[in-house]
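One structure, as structure tokens, below. Some questions next.
Should a chain be cited, it is by its letter among A, B, C and D, assigned in written order, with residues numbered from 1 in that chain.
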Amino acid sequence: MKKEFNIGIVGAQFMGRVHTNAWFDVAQFYDLPFKVIMKAACDIDPASEQNFAVRLGWQSFETSWEKLIEREDIDIVDICTPNNSHMPIAVAAAKNGKHVICEKPIAMDTTEAKQMLEAAEVSGVNHMVAFNYRRIPAIALAKKMIDEGKLGKIHHFNAVYYQDWLVDPEFPWVWRHDIKLAGSGAHGDMNAHTVDLARFLVGDIESVCGEEKVFIKERKKPGTKKAGIVTADDAACFLARFENGALGNFIATRFATGKKNFLRLEIFGSKGSLIFNLERLNELEYYSRDDHSAEHGFRNILVTENEHPYINRWWPPGHTIGWEHTFIHEIGDFLTAIANNVKITPDFYDGYKCQLVLDAVMKSSKFRKWIDISN
Amino acid sequence: MKKEFNIGIVGAQFMGRVHTNAWFDVAQFYDLPFKVIMKAACDIDPASEQNFAVRLGWQSFETSWEKLIEREDIDIVDICTPNNSHMPIAVAAAKNGKHVICEKPIAMDTTEAKQMLEAAEVSGVNHMVAFNYRRIPAIALAKKMIDEGKLGKIHHFNAVYYQDWLVDPEFPWVWRHDIKLAGSGAHGDMNAHTVDLARFLVGDIESVCGEEKVFIKERKKPGTKKAGIVTADDAACFLARFENGALGNFIATRFATGKKNFLRLEIFGSKGSLIFNLERLNELEYYSRDDHSAEHGFRNILVTENEHPYINRWWPPGHTIGWEHTFIHEIGDFLTAIANNVKITPDFYDGYKCQLVLDAVMKSSKFRKWIDISN
Amino acid sequence: MKKEFNIGIVGAQFMGRVHTNAWFDVAQFYDLPFKVIMKAACDIDPASEQNFAVRLGWQSFETSWEKLIEREDIDIVDICTPNNSHMPIAVAAAKNGKHVICEKPIAMDTTEAKQMLEAAEVSGVNHMVAFNYRRIPAIALAKKMIDEGKLGKIHHFNAVYYQDWLVDPEFPWVWRHDIKLAGSGAHGDMNAHTVDLARFLVGDIESVCGEEKVFIKERKKPGTKKAGIVTADDAACFLARFENGALGNFIATRFATGKKNFLRLEIFGSKGSLIFNLERLNELEYYSRDDHSAEHGFRNILVTENEHPYINRWWPPGHTIGWEHTFIHEIGDFLTAIANNVKITPDFYDGYKCQLVLDAVMKSSKFRKWIDISN
Amino acid sequence: MKKEFNIGIVGAQFMGRVHTNAWFDVAQFYDLPFKVIMKAACDIDPASEQNFAVRLGWQSFETSWEKLIEREDIDIVDICTPNNSHMPIAVAAAKNGKHVICEKPIAMDTTEAKQMLEAAEVSGVNHMVAFNYRRIPAIALAKKMIDEGKLGKIHHFNAVYYQDWLVDPEFPWVWRHDIKLAGSGAHGDMNAHTVDLARFLVGDIESVCGEEKVFIKERKKPGTKKAGIVTADDAACFLARFENGALGNFIATRFATGKKNFLRLEIFGSKGSLIFNLERLNELEYYSRDDHSAEHGFRNILVTENEHPYINRWWPPGHTIGWEHTFIHEIGDFLTAIANNVKITPDFYDGYKCQLVLDAVMKSSKFRKWIDISN
């Protein structure tokens, strides 16, 4: 095993900053057999050299991702760029033998996702999709409880993901409103998360029926007189049948006035239920039919105990963690997998499977009928 | 105006008892220009004479609804029987010139609903469907706020109605599990309420796409060795497009382990939002984009102030009311409308419109595609 | 046993109306071996004859309580008058052989309370103080759980009772602001409830240390130019030591801006905890140290199950009841006790014991030190 | 201004680790005009060299704090040791011209606190007490709103701090149970925080009346047969009068079964109210009497907006932060104050003022009466 692993990050916007924080902190919370070196950052905007790379501690800077992935001193590539560049970067990085972690959704569509998966598998690198919500302690606990049979057979998986930043009609047109650049809107951004959590917690989806909606069809385009046409969905919801018979319901919207980053899961099983809400991510509600009958009720587990997943790395009971810590878990687990030379999930296969569902929903919305999911 | 109005009730089960409570109490909380006389109760089970009619103060008893509606001393007929008898009773009562209030869902299907509406309109009697949730003070306040424009244009109406009494596999087969007797399961029982609230608060629905599900296909039939086949849905959910462009999402299930009578509405508009939960029916959550920006938040209105709808009939601020009080509002308003010789809503037209949506969802589930609603 | 029991009520304000509702409804929910007759109402204001007695169904009316209690056709006297007349009415009623139920606080001070207790005991009538909160189903369930040992040894009983109707400086001076007429302010009105609940759930209090506060010392007196002096406390809080070693903390205030009728109990024991909030009176939070360790949490019991106290008289699971129903339980249990010729609690002894604590707090506030409670 | 500031930390337990995290991360979130160097760590346990200093990135290690503060290459001393060593370390550090940040409570008693304050003032160094909760964004927002007059005149400040780690009778005796080593128990540990918040948000306290309690008087002492005697309080609560007329109520306990780190503030003013709960530290409840009257309610502000205090350093709306981030704010602000050569609060004066209140409560508990606070 090498003594140092060098990281190269592509993309210096919001997610780039969040991932940087995780690379910077990870060794404080994970005992790793090698050093993690923040070797190189890459962004097409040269200004990012100062205000991102130098500012946050990356040792060097590139403006071309091609250059970055060709550098021999880079071991791991972290892709935080817009969705339409995930595929080429990931494929090239894998071909060059770099381990790859890629932001979600994995790609623009299933075809791209499949290319990424194949490239990674052929080259034998470690690959991961940054579905960080799997590594919220409350979600990891939910997974453990479901695997232990605490919920029994699952009947319902109801997920909403509510944000409201587009409800303001003055919010300008940006590239995210163009389906050709973004792939989709709320759907790919938000349903990607809940579909991945559905697969993680319940299993694969068999068929879907969905509806996508643009509420505000034109927005002001800064610097021009012409309005920008909005083609990416403001909201997308769909019904789903799981392979195991469960019924799914998914809503993603950027028009949920007052909700900022509200992802709620309600999972109802034959023996118990779980409810989770991202805005209170240290908590997990659990109902057990096994409780004494006069004292049944949803109990609010504060997921900050030493015996809860990931918490032994943090603070004593009741001392809550924040949203960003999920990235430390993700990157810590990714590095640990590399160190141990084992696979990790969610990987590009999970990204691909999620994309299959997302694509089927879009097709369903177009044809106004249920669509079966097939590999 | 007559000095006394005589009530005849049909059905002595749960809803019969709840309506009885409202007829008994209504004059304590409504100033009416006539006396309300609990004249006659009717049930096919002769035992109901003692344990229902005499016990609760009905002056006489019949075992045949035909007899009851023919009695000249009955002014108002209250129908609390299973769904498959609503239509014949209501039509006959209306033809006999009785005012009619009928439990929901109005009928077994749209055809029956239409017959009821026509019979009532032709005879000129007052008619009402017991969608009592419209008269929860918090819902009435929501309606007022929406009418005043506090929410602006509505984008989302997301409704769930969660119960869990069928999740127990030992729960026996009853007539409600037979689609021929019940019309439907969770769908007609629970979505009927949320569809009516959707129409009340948002407007009419244009098209739907739904899924109905039976999770436990056979249940023990008491007194027999043969299992009873479950044909009525355990759960039903659907997507909806409203005529005004809003997007709807409805879930009804009797398999939501831990939720007893949990009806939640989330209504997101361009200017504000409202959230309601039946298990905390004295509360209404409201978010306004007009609040000072650093102090935005969902505010929890305790709907117990004198200026809130219906509350001036009850207690001082903070003294909560219960579920049953909605029936006093319903019957009080119904009697007031009769006293003033004006129409009241929700009437049989609303019951019919609701049924159109319910029927379309069932059709959609069968054909696996969106169905347009047409009158 | 007589076939009919005749009720006479004294006081036609808020509490008179609430009790009337309970007398009117009780036989709908309790099977009693006699009829309950709303025989006579009494109020010093003659206008109450029409707008109270006739309006709500009392058969006759008096303006003098002395007359009412002398009437031979009255079996039970219900005292809903201001605090300073509780004692004379109750003592006279008891001497005349009437059963007595009296609003809380039982009296102006301990001396009065003792006189009432003695008069009632000597005459052998049934007597009750209307601490209705003992008969909230959630509180009755809490009592049951504590008696079963679910909390173990109790360490803390923390009670707040928050209202805000006096925070408005324009709220005028009323007799309640005069300590000579009211006995005390928030203290006697609100701490009376929480002290009674403390005794009910934890046990007797040994010593107290308190503070009473008038925030607004003068208020406009309608019809005069002179300001009214406020002598009754706006807020009163105190620490308490229970005889069994538990520590108590009580806050009562009418200046808790935004809280309308918010009574919260937090009870922490060696094995578990309970939390209750009057504004959500159908719920009870319970934490058990016996739960599986990774799944510990406060569980929210929706106290609407058939097996919960009082609920079998009402509706199915999830169908909540309101504040006023506690009075039906109170009066139903009182009548049942009379029917069975057994004692009932809380009786005048409980009222007296509560008053001992209230008086000690006032003394403590005056002398700025702890005061022991002695009989 | 120097180009680098060297930090020396004393104490390698829980708080040492938390502060280390903040020193490590601070430059990622604060633009500072100098580099922050984690120069030296100190702990009496030599094992801390490997598992703390080397593990977390401190460049050198000492086992004697005297040596550390004598080192010329140390600019700032961070004191994370048990309470009984705060004073000597802080005084010596200040005399050696080091800036000092010290964990709370500042000292064992007022006398020590005064010595620290004087030493720091004489030497002219920057000094801070680590009352980190002032720098929770929601608390900083509360302070801003109060300063803007949003609450008007404050009537009530009710604070509870609930933990439960001592309710288990098997929890062994540790030095924290000895009043001579710890100064006090729950009182100094937890009430120190709420008293500081009270001073920050409401103002100084004039007099107090309190009660301290040991529920379990002996605990097993590991390695011995003799039981350890518990002299430090398990719980401490007190009433307070503020100089500005507000009424205070404080409860701190380690016996609040089920509550892990639950610090709740309820602040009621003449114009509005605020409620805060540490277990949901990204939220602040606000009630304004200025809201439209039919829509009054406590609104839940999710304090994650760019315009909220500190949030512009973190993530987009709805992306919550955790407990530890408050230390980054604290240390970032401390360093910024040093960079700008300005004073910062809470400093040793605030620590001293807090200690005055804590000491008075202990005296009050002993003498069973109110104690005035005097400097």
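The rule we apply is simple: a contact is a pair of C-beta atoms (placed from the backbone, for glycine too) under 8 Å apart; a residue touches a chain by one contact, two chains touch by 3 or more.
Keep in mind that this is a model prediction, so the values were computed, not measured.
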Write down the chain pair in A-C, B-C or A-B that repeats the interface of A-D; the criterion is over half of the contact pairs matching by residue number.
B-C
When I count C-beta pairs in contact, which pair ends up with more: B-D or B-C?
B-C
Compute the distance, rounded to whole Å, between the mean C-alpha positions of subunit B and subunit D.
54
From the C-alpha centre of subunit C to that of subunit D, how far is it in Å?
41
Go ahead and note the Å separation of the Cα centroids belonging to subunit B and subunit C.
36
Would you give the residues of subunit A that are in contact with at least 2 other chains, written as numbers and ranges?
259, 287, 296-298, 302, 305
Using the touch definition from the top, list the residues of subunit C that touch subunit D in their complex.
155-156, 158, 160, 162, 164, 167, 169, 209-211, 213, 215, 235, 237-239, 241, 245, 247, 249, 251, 253, 255-259, 266, 268-273, 287, 289, 296-298, 368-370
Subunit C contact footprint on subunit A (complex, rising order):
141, 145, 284-288, 291, 293-302, 305, 307-308
In the complex, subunit D touches subunit A at residues 14, 18, 20-21, 24-25, 28, 56-57, 163, 165, 259-262, 278-282, 302, 304-305, 314-325
